[in-house]
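Take a look at this one; I'll ask things after.
For reference, chains read A, B, C and D in written order, and residue numbers begin at 1 within each chain.
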Amino acid sequence: MCTAATYKTKDFYFGRTLDYEFSYGEEVVITPRNEPFPFRYMAEMPHHFAVIGMACVAQEYPLYYDAVNEKGLGMAGLNFVGNACYAASPAKGKDNIAVFEFIPWVLGQCATVKEAGALLAKANLVGLPFNEQMPAAQLHWLIADREGAITVESVREGLRIYENPVGVLTNNPPFEQQMFGLNNYMRLSPKTPENLFSSELPLSAYSRGMGGLGLPGDLSSQSRFVRAAFTRMNSVSGCTEKESVSQFFHILGSVEQQRGCCDVGDGKYEITLYTSCCNASKGIYYYTTYENRQITAVDMHHEALASTGLVRYPLIQEQQVKMQN
Amino acid sequence: MCTAATYKTKDFYFGRTLDYEFSYGEEVVITPRNEPFPFRYMAEMPHHFAVIGMACVAQEYPLYYDAVNEKGLGMAGLNFVGNACYAASPAKGKDNIAVFEFIPWVLGQCATVKEAGALLAKANLVGLPFNEQMPAAQLHWLIADREGAITVESVREGLRIYENPVGVLTNNPPFEQQMFGLNNYMRLSPKTPENLFSSELPLSAYSRGMGGLGLPGDLSSQSRFVRAAFTRMNSVSGCTEKESVSQFFHILGSVEQQRGCCDVGDGKYEITLYTSCCNASKGIYYYTTYENRQITAVDMHHEALASTGLVRYPLIQEQQVKMQN
Amino acid sequence: MCTAATYKTKDFYFGRTLDYEFSYGEEVVITPRNEPFPFRYMAEMPHHFAVIGMACVAQEYPLYYDAVNEKGLGMAGLNFVGNACYAASPAKGKDNIAVFEFIPWVLGQCATVKEAGALLAKANLVGLPFNEQMPAAQLHWLIADREGAITVESVREGLRIYENPVGVLTNNPPFEQQMFGLNNYMRLSPKTPENLFSSELPLSAYSRGMGGLGLPGDLSSQSRFVRAAFTRMNSVSGCTEKESVSQFFHILGSVEQQRGCCDVGDGKYEITLYTSCCNASKGIYYYTTYENRQITAVDMHHEALASTGLVRYPLIQEQQVKMQN
Amino acid sequence: MCTAATYKTKDFYFGRTLDYEFSYGEEVVITPRNEPFPFRYMAEMPHHFAVIGMACVAQEYPLYYDAVNEKGLGMAGLNFVGNACYAASPAKGKDNIAVFEFIPWVLGQCATVKEAGALLAKANLVGLPFNEQMPAAQLHWLIADREGAITVESVREGLRIYENPVGVLTNNPPFEQQMFGLNNYMRLSPKTPENLFSSELPLSAYSRGMGGLGLPGDLSSQSRFVRAAFTRMNSVSGCTEKESVSQFFHILGSVEQQRGCCDVGDGKYEITLYTSCCNASKGIYYYTTYENRQITAVDMHHEALASTGLVRYPLIQEQQVKMQN
């Protein structure tokens, strides 16, 4: 389905893969500070932090999948089918937010995870469809800044907020269970393993990389969580922009979905439609697509952020091969 | 260490990852037909098939890691430490080939795997160092054309040639054992699994991709073999050049080594230095490097193949980011 | 730690392993109908169903680990360290039960799981120690009759009751999570697996039993849950008493802990101190111990169940070898 | 199929499980010293070491599955289907032994593994059927004394003898490959695992026994090899006869096959028909059967070993339950 991750070197990076069998026509979309964010139950937000991210624009409204605001706060929604549970109607005394408004609601007004946490204490997520054709997506969210990350889940028991020390989110099962499951992998390491099996047997590492034996390699959401966590937590890179962005794409590359390996029936295959890496500190949104490996970038600060009107960049989907001769 | 793979759509593709903790300065190198291939024990080959591939050039000699000739035959050498065993000296009545000459020997004169197989029947691989600083590398080889693939291993018992139905090679253990090991994964599938555990329990697939549960996700050579085999055998793509090349890089992306995940000590990490995909039918060599995701290409037919003199293209190692605004 | 299981042929069987590094001196103990069950917060139960099970008797009180009553209802407490959470004090309007009284409370008055479920609706488990030397054990419980089974957990959120369709309980993590985890094993089967990996590869089953590949073999509680579930759900046996009891010990044998394989430090090892199998329909309690493989049995109906006074049978711990010559 | 193992405390123990879907009517059989061993190609052995073991007696000939001689040498044949390869006819200058004569040939005249190794240097195993109804079984062998163990395999390349440092043998694949496979489990341990995954994550062992996570739990021969090896190499027991024998049955209990878990089709299930443990130092053969958990024993020194005539003890197959009341 999807994997989101954070990464910090000199700057803070936030991104995700979006895995699905077809695209809804997403674009890189910048919402400038003075382009109002309307809300179904709450007052319109005429001025807000500028936001850049990947969105499907419907009726001039940016349905963000993942985005970052100019303060360096990032937020991504990931599929959470079967576990997401929203209020059927608005609740009195609460901030009632339709699911599709959740990213604008948070990124429009919060500069940090801490502020987002405070805001969420009053939130009631309502399962209102955007329109008749678009039912409320079943999602959970990763919200992160350079200081830390939280996971937000709206489940039967209500809105749940979890510290997310691993900076990774995938899909099912719920986050708490995913984190617990990591205990089963605590012995895995990037280093050559020691022989703990028996001191009387001449066991040895016949290959490099055997310290990771036991890491799951399939595309299910639980396995992607473990693999992305292992890769991210053990990641080593320089801290320049190029080195950081490069390494971030390698981290998410560890959970990329190749066409053919996840057959969803009817001749359709779930693939990694796009991978994003946003320098949240600088507002530069980098992405690759399944068919275009070259990193393409949009810099929010190259646009007039004090203006109105969505700024939209269609994805460059065609492979950009550089001929050397 | 490394993973090699083949892929066939309309054309035939052959490539590999090279995983190591530092580079020897490899380049894309074309050897035209009339640039002689010298041999230590055999007569010089003044004319031969033109060859394109990745090589480290030492004393004007192309030490190929992987290459393809103009007839569409590909060959790659992969680390086989502890198992490779070469003759200490030339043998009478045999074609005595130094290990570092093996790729030129085969690609210079064989148009197909079948011809290569016949040639190898007379071969004796000698563990002669290229020079005092460069001992003979411990390798085994994948040789493939659009009709099929073989693995060649020089071991204690002699030279062994195996049919390679999976079109993948990694490192240890020996190929026959790797192939046998695949039996343990026969139940894995890109499709949603059925409940075979118990008809009385309400088990269900809570995530897409669960048919692959059990696929190993670590970077050891045996795990990379299984993962690359699963990805390649279940791969689905269009058959245009762009689609084929794109998919090939996705296949090898499944076994990419991220910096930090394979710690070889002394603060060094094995990473995927480069990934190659050669359209063997057309002689176009595509590659990416760890720091440069964009696909770069060299087309052998853009050079004067009837001439002499190595044609060398240093790798473009710097990330080529395309700014959209 | 422990594994409990149920089994049904003509009669209903209920039993468990008790895994620990030392014994508290448990015995097979029958509490006849008229031996009063005292309670710290509730009125004494002067008459009740007769109960047979394994207990440590302290100050003439049977601290049951697992037991069955004459109506065929079974109940076992299993370690649940770190997750069990009891009330610090009695609650008004509730049936306040000290943890150590829980088995007598339920088995003394409930004939079925349904009745137990109704009774539990009013229960408040209090973490009162039995005495100063014996703090309240952190436990969760399996309650079962021939119609079905439930798991009872007293956690931070309160008392939780779950249908238990698999008839197995081990320890951590909580039952709901263990059940969910079974989804990851839905493809496992006692039958020879099919090749779903690739129709182009000649993969085959080189051994019997390969349909179960992926089943965990270690002694952690999650792995024992999966293994016992697989063995129990696929178990095949005749339905005579001997065949049923034999098969039950084989089911629990699949999760037996061998001395040396679970090192708890200080030269101590957790082992399966005893394994029990109670014919709940007939009130016959069978057991083996780590050092005595022969099945020993105590039949409650061989005692005067209408009387008072505990009937106690110390375990036969010494290996009973039968010499044939 | 089967698992054989050795164990050494004060005495030396040798035993095995025999896993199959039906029994051939095996018995504990003692061949006294003067009961001649006939051979098809070699001279009869009129006097030899006395032998005790499990055998199917056909036409007064003891077809031993596993046995021990009075000198403390043990030998067991285990299924090796698809890999065993015998000579079609006797070879000149060799000791030509029919497969079914192999155990008498070795145990009749060798006192140690060293002597057996020397004897085998001249052996040629011929695939002669015992009679028309009984084709030569495809087997490989474990031969062991208190000093060490070897594995003997007759394969396409000839007779192969391997040091067996683990003292365990199962079935396919060949022994060398099984031993190599153990490298993949070198990190497993009976101790609580350390967190090597990431020092920044609060991972912890939520259960005892987690050091063994990754140990395979299914019944395939490769998984049984790993599990029996782990259990045997980490086994801890006292060194009295009772403690040693008890622990030995626990070691083999880790690979017991429960009815239902290995479905071989047609409503048949492979189960552990019997488990044996022979005190090779003292000549006492202990066994249990699937339906009889009590240990039964036959002591060779209770018989007249200097005499002739097979001494046969049918297995006690019925469960011996000891009623305590």
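Rule of thumb we're sticking to: a contact is a pair of C-beta atoms (placed from the backbone, for glycine too) under 8 Å apart; a residue touches a chain by one contact, two chains touch by 3 or more.
For each chain, UniProt lists the protein as follows: A, B, C, D = choloylglycine hydrolase.
Computed from a predicted structure; not experimentally measured.
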Query raised in the report: Taking shared residue numbers divided by all residue numbers at the interface, is the value for chain A and chain D over half (same) or under half (different)?
Result: same
Report summary line: Computed over C-alpha atoms, the centroid farthest from that of chain C is that of chain B
Requested in this report: Please compute the C-alpha centroid of chain A, do the same for chain B, then give the distance between them in whole Å.
Outcome: 34
**Report entry** Whole-Å gap between the CA centroids of chain B and chain C
**Finding:** 55
Report summary line: Taking each chain's centre as the mean of its CA atoms, chain B sits from chain D at a distance in Å of 43
Report summary line: Check: chain D positions touching at least 2 other chains come out as 173, 180, 184, 188-189, 191, 206, 210-211, 213-214, 222, 230, 234
Query raised in the report: Where on chain C does chain B make contact in their complex?
Result: 165-166, 180, 182-189, 191, 193-198, 200-206, 210-211, 213-214, 229-230, 233-234
Query raised in the report: Can you name the residues of chain D that touch chain C in the complex?
Result: 1, 28, 82, 171-173, 188-192, 206-224, 226-227, 230-231, 234-237, 242-243, 245-247, 249-251, 253-254, 256-265, 269-270, 286, 288, 290-291, 293-299, 302-303, 313, 316, 318-325
Requested in this report: State the interface residues of chain A toward chain C in the complex, per the touch definition above.
Outcome: 173, 177, 180, 184, 222
